[in-house]
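Here come two complexes built around subunit A, the first alongside subunit B, the second alongside subunit C.
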Partner chain A sequence: MSVTTLTAGVMSREDLARLLAGPASEGQLTAPVRVAPEVVLFVPVRDPDAITLDYVNSTVPPKEYLFPRAEKILGWRGSGPQPELVLPPEPQPLVLFGVRPCDLRAITVLEPVFGGPYPDLYWRRRRELTTIVGLGCTEPGPYCFCVAWGISPVAAPEADLMLTPLEPPAAGGYLVAVQSAKGEELLRRSGVGLEAAGTEPGVLRERRAAELTARFRRLIDPTGVERAAERLFEHPYWRELARRCLGCGICTFLCPTCHCFNVIDRTAPDGSGGRYRCWDSCLFERFTLQASGHNPRPTRAERLRNRLLHKLSYHRTRYGLEGCTGCGRCVAACPVNIDIAEVVADLKGLMT
Partner chain B sequence: MGTTEKIREIAAGLLRDGKVDVVIGYGPGTLPLRSTPLFARTVEEAERLIWDATCGNNLAVYLPGRKDRVGIVVKGCDSRAVVQLIHENQIAREQVFVIGVPCAGIIDRRQVEAAVEREIRAAREEGAELVVEGDGWSRRFNREEVLYGACRTCRHNNPVLYDALAGEPLPPRDGGPTLVEIWEKKPAGERRDFILSEMARCIRCYACRNACPMCYCTECFVDSSTPRWLGRATDAGENLFFQIGRVLHLAGRCVACGACSRACPMDIKLGLLLGKMNKDVLELFGHEAGLNPEEPPALNAFRPDDPETFLLGK
Partner chain C sequence: MTGNPLWPHLATIVKIVDETPDVKTFRVVLDDPGARENFRHRPGQVALLSVFGQGEATISISSSPTRRDYLEFSVRRVGRLTGALHQFEEGYKIGLRGPYGNGFPLEELRGRDLLFVGGGIGLAPLRSLINYVLDRRDDFGSVEIVYGARSVADLCFKEELFTVWPKAPGVRVYTTIDRPEYGWDGHVGFVPAYLAELAPSGAGRYALICGPPIMIRLVLQELAGLGFPPERIVTTLELKMKCGIGKCGRCNIGSTMVCTEGPVFNLARLQALPPEY
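Take a look at the complex of A and B:
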């Protein structure tokens, strides 16, 4: 995807608070906050000072603001043959600040799933109502490998406003690229003016991207790994890898591109209730358990293979997009150190 | 001979002599401060086994329901899980060859990562210190200060059951008051608010449950659909229901290894609830899970003279 930049210019660090002050006071701002010593989450923020800029990536990706963990899709009051239908409240406009390029790419990855020929109403509505302010990285984390998937660590077309931090990190301010009408509107309402960059913005951004890319240490080359789906589907590798897998849902729930869900009803004793769309995980045994009792993915080996091949092959075959963005969350959080970067290397090794 | 070499020697011997089909131990991880479970089935594979302060996984989680003969590397806490699993008939004593490792505590990698705020390229132990290095920098930590909470207050650092010991027993630790002892002195309202704010973060990935050697139910109550005890919506109340349900199911069975807390991606202080339950079981029944292979678990024992003060009053 090419970046459509309407305008670009430089904004100081102090201007950031001004940019976000309006949405914050209106209760529309969601931004990264350190909620525990080792946990950074995107949460609603009323005071821009509460935002942390000192993070590599959030613990849980911001996708939950477009695809909530549990979204009420309808409700009802009363029981009997004709309960009264209650529609859930409409989503409200949102400014999502601080989204990293890997998580921005994830939106493009999810777009054909939720926006394809049968668009998903809920996803589309939230996309329309959300203004996304992207924030380029200043430091690769130990688990990061976005560059392996051709992602720039400082820019992304999915953001309405893309902020690229300039050197030195604390004082250099940001190169701001206005990439949509929503971004333009946010900037206009804040009253923040952009100053001309000393260097041509595209050149400046390329230079920052190159400096940062050179500092990544997880150098993997995923070229050709998608062929593993055909060539290694029955390979004993999966069973061996799955011996370690605990079968929890960490890797799926922390993945910016995982999107499986289940729909469940919750009914109160008086018969009223609601229908919810909730995140589900293909690593859970029940995910593919059929009413007959048959489970087409009976063990962790089939389930783990499904997840990894979905990231490394199926999504690409189906939509022409890589299913992994190299955010590294699954690597950082897996309790038994199953590492998708290592899996890529292993699979390529097995195919040579 | 270092602990790593000793483990390799024992494992290689067991595999060479055909005494076990597999040795479950630790192998090197893909990044600094990480290790990964390793299933060695040949003498050559046994050469990849390691031991260091990153070997945090409780490998007893891989034991329930196994049919083969297995060698397993255990720390003090892990050995208690093996004892408890034998009590609960999840594995037979004669199936398991226990390779015990006296443990000086496991490094909390997230704490170290948060403290250095930069990419760690290498880490090593030097005596009582942990040295971490990055691009043109290095930093030393007092090892004790970057251990997991459960390890800092660990009282059973030597294996309680083993067939071979890789290393000399360590002096017992006295980490001072546990988190629970400090925490339970706080007013009830403060404790409730803290627990609820912790629970609000839970994303119900069930890593705590799946990392726990004692959570081996073939159908967990949270997965049951007939009846459905719990929905998939994740609000603090439902999350608390899940966690309290899990804690109650672990009454008299939790070996305080901290695997649940270590697995939690949201840094939820699960050890508080479990620690409180363990303390209650100790005070009410004088029992700590998995400590004594000869003593039946608290909930398996019946004594006609049990005072049952919680039912009848004192």
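Take a look at the complex of A and C:
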């Protein structure tokens, strides 16, 4: 995807507060906040001072603002024989500030899932109502490997406004790329003006990207790993790896591109109720368990293989897009150190 | 919410037939005339039925698209949702969305001799195609139906099986039950064994099979022996589905989504998939 930059220019660090002041006062701002010493989350923010800029990435990806953990998709009154269907509540406009390039790429990864011949109106409505302000990185984290998937750590086309910090630490202001009408509108309403960048914006960004890329510690080359789906499907590797998997599903809940969901009905005592879709995980035994008792993925080996090959192969086969963005969250959070970057290297090793 | 693929249409149950002790066929009519007009399915496709408060279940459409006044679903009572549905009466409303999936390859089947092999409730998706073929009788060659169930009581669609289909031109029906039963003078034995006895030739013929996994496995062996090439053996898979539209991630076999690319596969395609179904 190519970046459509309508305008680009520089704004100061102080301007950032002005940019976000409007949405914050209107209760529409969601931004990273350090809620515990090691935990940064995207949460609704009324006071822009609460925002942290000192984070590698949020502990939980901001995906949930487009695809909530639990979302009412339909309601009804009077269940039983004569129900009357009612619309779920309409989502609210949102400004999502501080989204990193890996999580921005995840939006592109998810687009064909929620689009296609059966467009998902819930996803689409939230996309329309959300203005995304991307924030380029200043330092790769110990588990980051976005660059392996061809992601620039400082820019991404999915943001409505893309902010690239100009000097580390982000004190010297931002290069701002206006990438959509929504981005333009946010900027216009804030009254923040952009100054011409001394250097051509593209060159500035490339330079920052190159400096950062040199500092990545996890270097993998995933080229060709998708062939493992055909060549290594029945290899004992998966059973070996799955021996230590707990099936906890943390990796799926922290993944910016996981989209599996369950659909659950809830009924109130008066018979009214609602249908909710909730995040689910292909690592759970019941995910594919059929009413007959048959399970096509009966053990953790099949389930872990499914998750990893989905990221490394199936998504690409279906949609021509890499399913992993290298955010590193699953690697950091897995209680038994199952590391998708290592898996890439292992699979490639087994195929040579 | 028009254009929302997850939004069910309301449909009214107009008739319920008790097929077996645990299978009922629900004949339903979509409430909205526009939705009724737009609902065009192919034999072998599925729909998601809602029992509000219990969720949704993927059920194959057992009526033929040539009979456009209604849709039929034959549902076995296996869990909470289907249990609740079995309590429903005529006049009750359910939700319905679909049709989903690929359906049987009608273009390919045109003009061919057809062998249907079914076991138990597995006759439901085949029934849609059988009635389609009978309603367009001139478009297809001969029809043989080999069908079995545990007992006489467990045979589905008895009226069609014993009365309607055998009378149709160019149709032969072979019915079997697993164990001898008082009053049954038909064939006794499992479907694969009966098939071996009947030994229909695979020359030019298509086989369409649906039933319990063990039956399918044994029938596939028989068919290979009878000279049916994998391209002319067609079956339908039943995987757990939640969305029916390729989003919930539940029904994949490798990179193939059964809900949108299946549930109908020929054996050649099935053999090319990773063995995870």
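The working rule: the second predicted complex is superposed on the first by the 342 of 352 C-alpha atoms of A that agree within 3 Å, B and C clash if a C-alpha of one lies under 4 Å from a C-alpha of the other, contacts with A are read in each partner's own complex, and residues count from 1 in each chain.
Just so it is clear, contacts are C-beta pairs under 8 Å (C-beta built on N, C-alpha and C of every residue); 3 or more make two chains touch, one makes a residue touch a chain.
Since the model is a prediction, treat every value here as computed from it, not as a measurement.
K.L.:
Would you sort A:297 into first (subunit B), second (subunit C), both or neither based on which partner it touches?
P.N.:
Only subunit C; A:297 stays clear of subunit B.
K.L.:
A:280 in the overlay: touching subunit B, subunit C, both, or neither? Say first, second, both or neither.
P.N.:
In the superposition, A:280 contacts both subunit B and subunit C.
K.L.:
Regarding the shared-chain residue A:181, is it in contact with subunit B (first), subunit C (second), both, or neither?
P.N.:
neither
K.L.:
In the overlaid three-chain picture, which partner chain does A:248 touch, first (subunit B) or second (subunit C), both, or neither?
P.N.:
first
K.L.:
Contact-wise, after the overlay, does A:350 reach subunit B, subunit C, both or neither (first, second, both, neither)?
P.N.:
neither
K.L.:
After lining up the shared chain so the two structures overlap, which partner does A:143 touch, if you call subunit B first and subunit C second: first, second, both or neither?
P.N.:
Once the two structures are laid over each other on A, A:143 reaches subunit B alone.
K.L.:
Pick one for A:317: touches subunit B only (first), subunit C only (second), both, or neither.
P.N.:
Second partner only.
K.L.:
Considering only touches as defined above, state whether A:196 meets subunit B (first), subunit C (second), both or neither.
P.N.:
A:196: touches no partner chain.
K.L.:
Given the touch rule stated above, what does A:116 touch, subunit B (first), subunit C (second), both, or neither?
P.N.:
second
K.L.:
By the touch definition above, which subunit A residues appear in both interfaces, subunit B in one complex and subunit C in the other?
P.N.:
In subunit A, residues 262, 264, 280 are touched by subunit B and also by subunit C.
K.L.:
Could you pull out which subunit A residues touch subunit C in their complex?
P.N.:
Listed in rising order, the residues of subunit A that touch subunit C are 73-74, 76, 79-83, 85, 87, 113-114, 116-122, 229, 233-234, 259-265, 267, 271, 273, 275, 277, 280, 282, 287-292, 294, 296-297, 302, 306, 309-310, 313-315, 317-318.
K.L.:
Which subunit C residues qualify as touching subunit A in the complex?
P.N.:
1, 3-8, 10, 50, 52-56, 78-79, 82, 88-89, 91-93, 95, 213, 238-240, 242-243, 245-250, 252-255, 257, 260, 274-277
K.L.:
Spell out the part of subunit A that touches subunit B in their complex, as residue ranges.
P.N.:
These residues of subunit A touch subunit B: 35-39, 41, 54, 59-60, 69-70, 139-143, 215, 217, 240, 243-244, 246-250, 252-254, 262, 264, 266, 276, 278-281, 284-286, 331, 333, 335-339, 341-342.
K.L.:
Mind pulling up the subunit B residues that touch subunit A in the complex?
P.N.:
The contact residues of subunit B facing subunit A are 29-32, 34-37, 39, 57, 61-62, 110-111, 113-114, 117-121, 135, 201, 203-207, 209-211, 223, 225, 228, 231-235, 259, 262-263, 265-267.
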